[in-house]
Each structure stands twice: as structure tokens, then as C-alpha cells.
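Both complexes shown next keep subunit A, but they swap its partner, so subunit B is in the first and subunit C is in the second.
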Partner chain A sequence: MKKILAVCGMGLGSGLLLRLQAEKALKQLEVEADVEVADIGSARALASGADVVVTSDELAAQLGEVKSQVVTITNFVDLNEMVSKLGAALESEGE
Partner chain B sequence: MGQGIESEAPNNLLELLPADAVRMWVTVSDWRTAVRAAGEALTSSGATSIGYTDEMIACVEEFGPYIVIAPGIALAHARPSSSVHRAGLSWVRLGSPVEFGHESNDPVSLVIGLAAPDDSSHMTALSTLAELLSDDAARSALMEATFPGRVRDIIRAHSGADPDGKDA
Partner chain C sequence: MDAIVAVASFLVNEILSQPFYLVGLMTAVGLIAMKKRAGEVIGGTLKATLGFLILVVGANTVVAALEPLGTLILGATGAQGVVPTNEAITALAQEDYGAVVAWLMITGFLVSLLIARLTPLRYVFLTGHHIFFMATMVAVVLITGGMNEVTTVFVGAVLLGTMMVVMPALAHPWMKKVTGGEAVAMGHFGTLGYITGGLAGQVIGKGSKSTEEIKVPQSFRFLREPMVATALSMIVIYLVFSIIYLVRVGEATALEEIGGSDAGSFIMFGVLNALNFGVGVALILFGVRTILGEIVPAFQGVAEKVVPGAVPALDCPVSFPYAPNAVIVGFLASVVGGLLGLAFIAVALEDALGLALILPGMVPHFFTGGTAGVFGNATGGRRGAIAGGFINGLLITFLPAFLLKVLGSLGFANTTFGDADFGWFGIAVGNTVKADLFISLVLLALLVGALIGFAVWFQRRYVDTGWVPGGEEAETAPASGGSAKP
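Take a look at the complex of A and B:
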């Protein structure tokens, strides 16, 4: 099972939105994965256990280098953006 | 699915966004006063004490303008704290848009304030909100609404069409 980490500043506003959108996108992509939310403070440690990190452009810069793929979302309520970016990341990740 | 949602918790979007937390055509000079307006609306509806406003502003100062989650829309919030009395949302439609410093999504014409006593009791309401904002027709109607009752009517119409507890 793939693991996706949704990262925001505090882990309860936009991060929760990202998780909800990622879960919808996974349904469309027909991929099974766990989606967890983390705040930026704990994200670096948790990112090593995730296949893909989903966050915003600004927070991706604060996150710095991580082993997992980082997907940055500009419009958090645009499901198409999430589907295409998350889909591409999961595909390059391999099955 | 549905873990962490407490059935007793007020999680319906309309419950969390009472009429007195909806403000239309608010005049602000910059992002700070825009967030302040969202904080005042949360306070007057009883969700928070006024200190929460400064906590929200501090979060933007700490993490940057990533709270501008979509073109024209900011989701302002801070961490759960003693300033939060219950989960709540506020809706502040700005008279003229302001810059938050976001690369792609500026300028902001709607600030949604969020107060959460913990990290999950507001999840259902936030999920409904995300569905509304990702629906082009609903989002346009919400952005064009001219009075607070209209915002709540659109939410009510959307919630009615949505089967309740489908994720439970």
C-alpha cells in the first residue's frame, strides 16, 4: 500500500483539504493508498516513510530535500490538478 | 473512513457557519486587516475569543501566504488553543481584493476563517466546503452572493443534494 503525506503549516486546515482531495483523486485514479496529514514541523521525519508528499509551493521550499517525491498543489480545490499531479507522481513511482 | 469524526461534534457546515459569521463587502486595507475581519466574525459568533485573530495572523507570518488555497480564496486559521471555544467558520467577502503575497492565487476576495478545538471535529464541514468550492457553479454562485443569507442558502441547497454521512 502506497503512503501519501499531506503537509501544511499546522496540519488541520489546508493539509486536511489536501488529504480530502487526494483521497478523491485516488478513487478516480483507482489507486489504493493511505493518506495522512502532517504539519510542517513533523513532516520531515514522517516524509521518509511516505511514497509521495503533497503540499503547497511555499511549504515545499520550507520542507527542503526529502527522499520521497514532492507534489506541489497551487489550487487546493481543483480536483483535476490533484488527479494529474498525483497520478504522474504515482506512475513515476512505479507499481 | 470516517475515523476521528465524533458524532456528537457539530460538524455540519451550516452549523459551523452561523449567519452572524458571514460578512459581505468588508473594506480592508491589507491582508492583516482581512484576516482580522475573519477573526472578528469568528469571535462575534462565539466560536473564539478575540485573541485567536492574532494567532491567525502569526501563523501567516510564520508559514507564509500558502493559506491562499485557491485563486481569490484564503483559508485563515491557527492551531487549536484556549482561544477556541468550539469549531467554527467565518466568511468574509472583501469589498475590494487584497494581496497576500501568494505567487499564483492573489488577489484575495474571500477570507474563510477556521477555528478548530482539535484536528478532526471540523473535518466533515471542511469536506463539504471543499466540495462546494471545487464545484464551478457553486463557487461562482458563492462569490457572486450579495447578502449573507444567500451564502447560507447555497450551502443549504448543496448539503441537501449531498447524501449525509456517505463516508461514515
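Take a look at the complex of A and C:
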């Protein structure tokens, strides 16, 4: 099973929203995956165990280089953005 | 008969009044309602219970780390010093108020859905940790005011539910200006600071260029990590007061009162406590995250069924990507505002009003100052961002000082609630419940009625008509779909 990490500053508010959106997107994409939330502090360590990291532009810059693919979301409530970006990331991951 | 009484008293005393089991049970109900599989229900329930216990461990760490600081500040300045940290004070309060808070939180969420369903204020507040903090603050204030636990749950739920729909409505015109008319509302209890920031930007920012056109050094970004920001600010605070204390009372007394074998180890003892404070906050955040990760999805599932098409009100960092430079500018201006406010209290108000010294907690300054900067920038560019952050810094320094007075014994904890709405709302409610029960219930009903009435008027007059502060109505009016009539 794939693992996705949703990252925000505190790991409380927007990260949780990203997780909910990612779970909805996964349902649409018909992909099974675990989605976990992390704060930016512990994200770098946890990213090594995840296939895809979902976060905002500015936090992606702060996260720096990680082994997993980083998907940046601009509009946190736009499900279409999440579906297309996450879908693309998972597809290239599968190859 | 005895057996029934025994079972009932077991349930009440050993399960329903133990907040960790209660939170677990509520999570279980939510997960079952979402039709999760048995394994996920068991796992989620256990995780929420463990999360609560982790939070308690974090609270103990925070208390131990803060205790010497209280002595240091008192010895160095003669006044009580307080570092506002929502996470810390909320965790500390759970020991005495945990079960009441859990009931209040869940009932308050249902009340907020009811208000959203029945009025034009169709907002669903999804920032779980702020619901938790506000539930805690309201519970403490009401019980301190003399209400019993059952009354507190129901009265508090109405107060909490009201705030959860009223604040996003009041902030919404500015939020639309920031996000360009998308259907996201602000769900964060620092909103008074953001609205004031937006207004200030409009007043003084005419013709000022956006912060996004300047190059701001990115070197402050690391402060967005709460663990780093907290530890760093606590190290500074501990060092400053350790040194003043050492100079004022002399080495012998300092070693006797606080500990350490010489001046060097005395200073390093302070640094270790500062780091431990960071550890405590990180533990609390981990606990809160574990609980909310299970509860908030259930909340959202319920909300989508009860209030379809409502605008989600989200945590303040959702505004950050729209103006990342304004976040840094607003944060720095907020810290400056906080330090000036601290100096003002120390020099002018401390003796007159007996106020505590509110030291700048970096986490509230970063998140609320940054957001106030974004709001100020949206209406008034660079000058707006500076003014917004600065005013927010003043607000979160003065309001907590007055809030302490209505928090009862929890007001002596060396930490308190930081963000602006906890301040003004807690002060308003806390002073109301000083009256007799009946009178205070009437006054609180008036407060709730006034807040909802004003917000409904505001929603109809400004939000539904597509008014956006500082113009550009035509651009954003059609996109404000969330507030349209069903």
C-alpha cells in the first residue's frame, strides 16, 4: 500500500484538511493508500517512509530535498487540483 | 437495584468523567457514524485515547519547565510573568476540567451546525485545535464564575457554537479580498486581530505597494516550525531573566532558590528548562494531532450532511500562500508590537491595574501576526502589513493580561491563552458570570443574541452583496458562492 504524508506548519489545521482532501481524491482515483499528517518539524524524517508528500508551496521550499515526490497544493479546498496533481504523482511513482 | 446503581456509578465515575476514555468514546461514535471498518474504529478509538494521555504527559513537562521561570521573573521584576501558549494552558486545564471540556466541545460543535443550518451564517469551523482551546477557555471561565458542570456544558456549548459561525462571517469580506473570492473562510480565533489588521491597512495603506513586490529575506521561515520557535524564544526569555535575577538577588540566593552549583550551571539550568518547555509543547502538539486526526474527519462528515454547501472555515495558515512576504513582515511587526506593549505594561500599568507581564510567545506571534500581516497587505500593502501585524501584537499582549483575571486558579499557571478572540471573548464572558446565575444567564443570552444578530446583519449587508474592503467588487462578487441562499 502507498503512503502519503500531508504536511503543514503545526500538523493540526491545514495538514488535516490536506489529508481529508487527499483521501477524497484517492477515492476518485480508485487508489488505496494511507494518508498521515505531520508538522513541518518532523516531516523530513517521516518523508523517507512515504511515497508522496502533499503540502503548500512555501512549506515545500522549507522541507528541502526529500526522497519522496513532493506535491504542492495552492488551493486547499479545490478537489480537482488535488486529484490531478496527486494522480500525476502516483502514476509516475508506479512506474 | 444495587447492581444497576453500581454499574451506573462505574460508568459515570470511571468512564464518562475520565476525559481520555470520553474522547475515545466520542471518536468511536464518529468513526462508526462514518461507517469505518471494525479495525479502523478500534485503532482510531485507541489512538485518540492515547493522544489524550500523551497531552497530559506534555502538560506535566510544561509545568515543570515553567515553574522556575515564574520565580525568576518575580524575583527579577517583582511581577508575575506569563508566556501565552494555547497548547500549554489547554493541556494544563485538562486535569481539572477535561470531562467538561470534552462534552462542551462536542455539544458546541452540534450547536454551531444548528446555527449554520438555521441562519444565513453557513460556515463550518473545521480548525479542531481551536475548537478544543475555545471549549477549554469557556469551561474554565464559566466554572470559575461559579456555574456547575452541567450548566457549564450547555451554556458553554451555545457560546462556543456562536463563536464558531460568527467569527468566520465577520472576517469573510477580508478573507475574500485575500484569497480572491474563493469559498474559504477564516476559522481561527485570532480573528479580531485580522479584521483590525485589514481595517488598519485600509486606513493608512493608501498607495502602498504590496509586500509581494519586495524581496524579503527568507531566513525567518524556520520559525514556522513550532518546536524551533518555542524553544528559541524560551531560551531568550530564560537567559534574560536568569541574568537579571542573578544580578539582583546575588549568586548565593539564586543557587538556593533555583538550583545549580555555580553561576554557569545556574544559567544552563535555565536553558535546559527552556528546551524542556519546547519538548512539552511538542508532546502536547503530538497528542492533540493524534486526537484531532480521528475526530475532525468525523466532524466534517457530519457537517456535510447537516449543512450541505457550507463554507469551510479553516486554520489561518491557509492565507499564507497568498502573501508569504506579508507573513514575515506581519510576524516581525507583531513581535515589535508585543515588546512595546510589554514595556508599556511594565512601566505604566502594572502597579495601577495589577496586570501580569505578557512575554512574547513566538507561536501566537508567528501565526496570528503573520495572518494579520496578510490581511493588512490585502487592503494596504506594505504599510498595511506592518500596521496589521503591529496592532495584532498589541492586542495579544494586552488582552491576555486582562484575561488572566477571569481564569481563576488557572490564571497563576505562568502561561495562558494567546490569540485575540480568546482574550476579548473570555473577558466579556468572565465579567458577565460574576453576577448571579440568573442574571448572568440573561446577559450571556443577550451577548449570544447580539453576536449572531450582528453577524447575520453583516452577512446580509456586506458578505452576500459581495462587498470587498478596498474595492474590486466586480471581480470577486460572482465568486462568493458559498454564502448564496440555498
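Points worth noting:
Methods note: the second predicted complex is superposed on the first by the 94 of 95 C-alpha atoms of A that agree within 3 Å, B and C clash if a C-alpha of one lies under 4 Å from a C-alpha of the other, contacts with A are read in each partner's own complex, and residues count from 1 in each chain.
The definition used in the following text is that a contact is a pair of C-beta atoms (placed from the backbone, for glycine too) under 8 Å apart; a residue touches a chain by one contact, two chains touch by 3 or more.
Quick caveat: nothing in here was measured; it's all calculated off a predicted structure.
Of the two partner chains placed around the shared chain by superposition, subunit B and subunit C are both touched by A:G11. Judged by the touch definition given at the top, the superposed model places A:L63 against neither subunit B nor subunit C.
In the superposition on chain A, contact is made by A:Q21 with subunit B only, not with subunit C.
Legend: residue contacts after superposition of the two complexes on their common chain; A:T74 is shown touching both subunit B and subunit C.
Of the two partner chains placed around the shared chain by superposition, neither subunit B nor subunit C is touched by A:L29. Comparing which residues of subunit A touch subunit B with which touch subunit C, the overlap comprises 8-14, 16-17, 20, 37, 40, 56-59, 62, 74-78. Subunit A meets subunit C in the complex at residues 8-14, 16-17, 19-20, 23, 37, 39-41, 56-59, 61-62, 74-78. Of all the residues in subunit B, the ones that touch subunit A in their complex are 59, 62-67, 69-71, 73, 75, 77-80, 103-105, 114, 116, 119-120, 122-123, 126-127, 130, 133-134, 139. Against subunit B, in their complex, subunit A makes its touches with residues 8-14, 16-17, 20-21, 37, 40, 56-59, 62, 74-79. Across the complex, subunit A is touched by residues 126-130, 182-184, 188, 218, 221-222, 224-228, 282, 285, 288-289, 292-293, 296-297, 300, 312, 314-318, 320-321, 324, 367 of subunit C.
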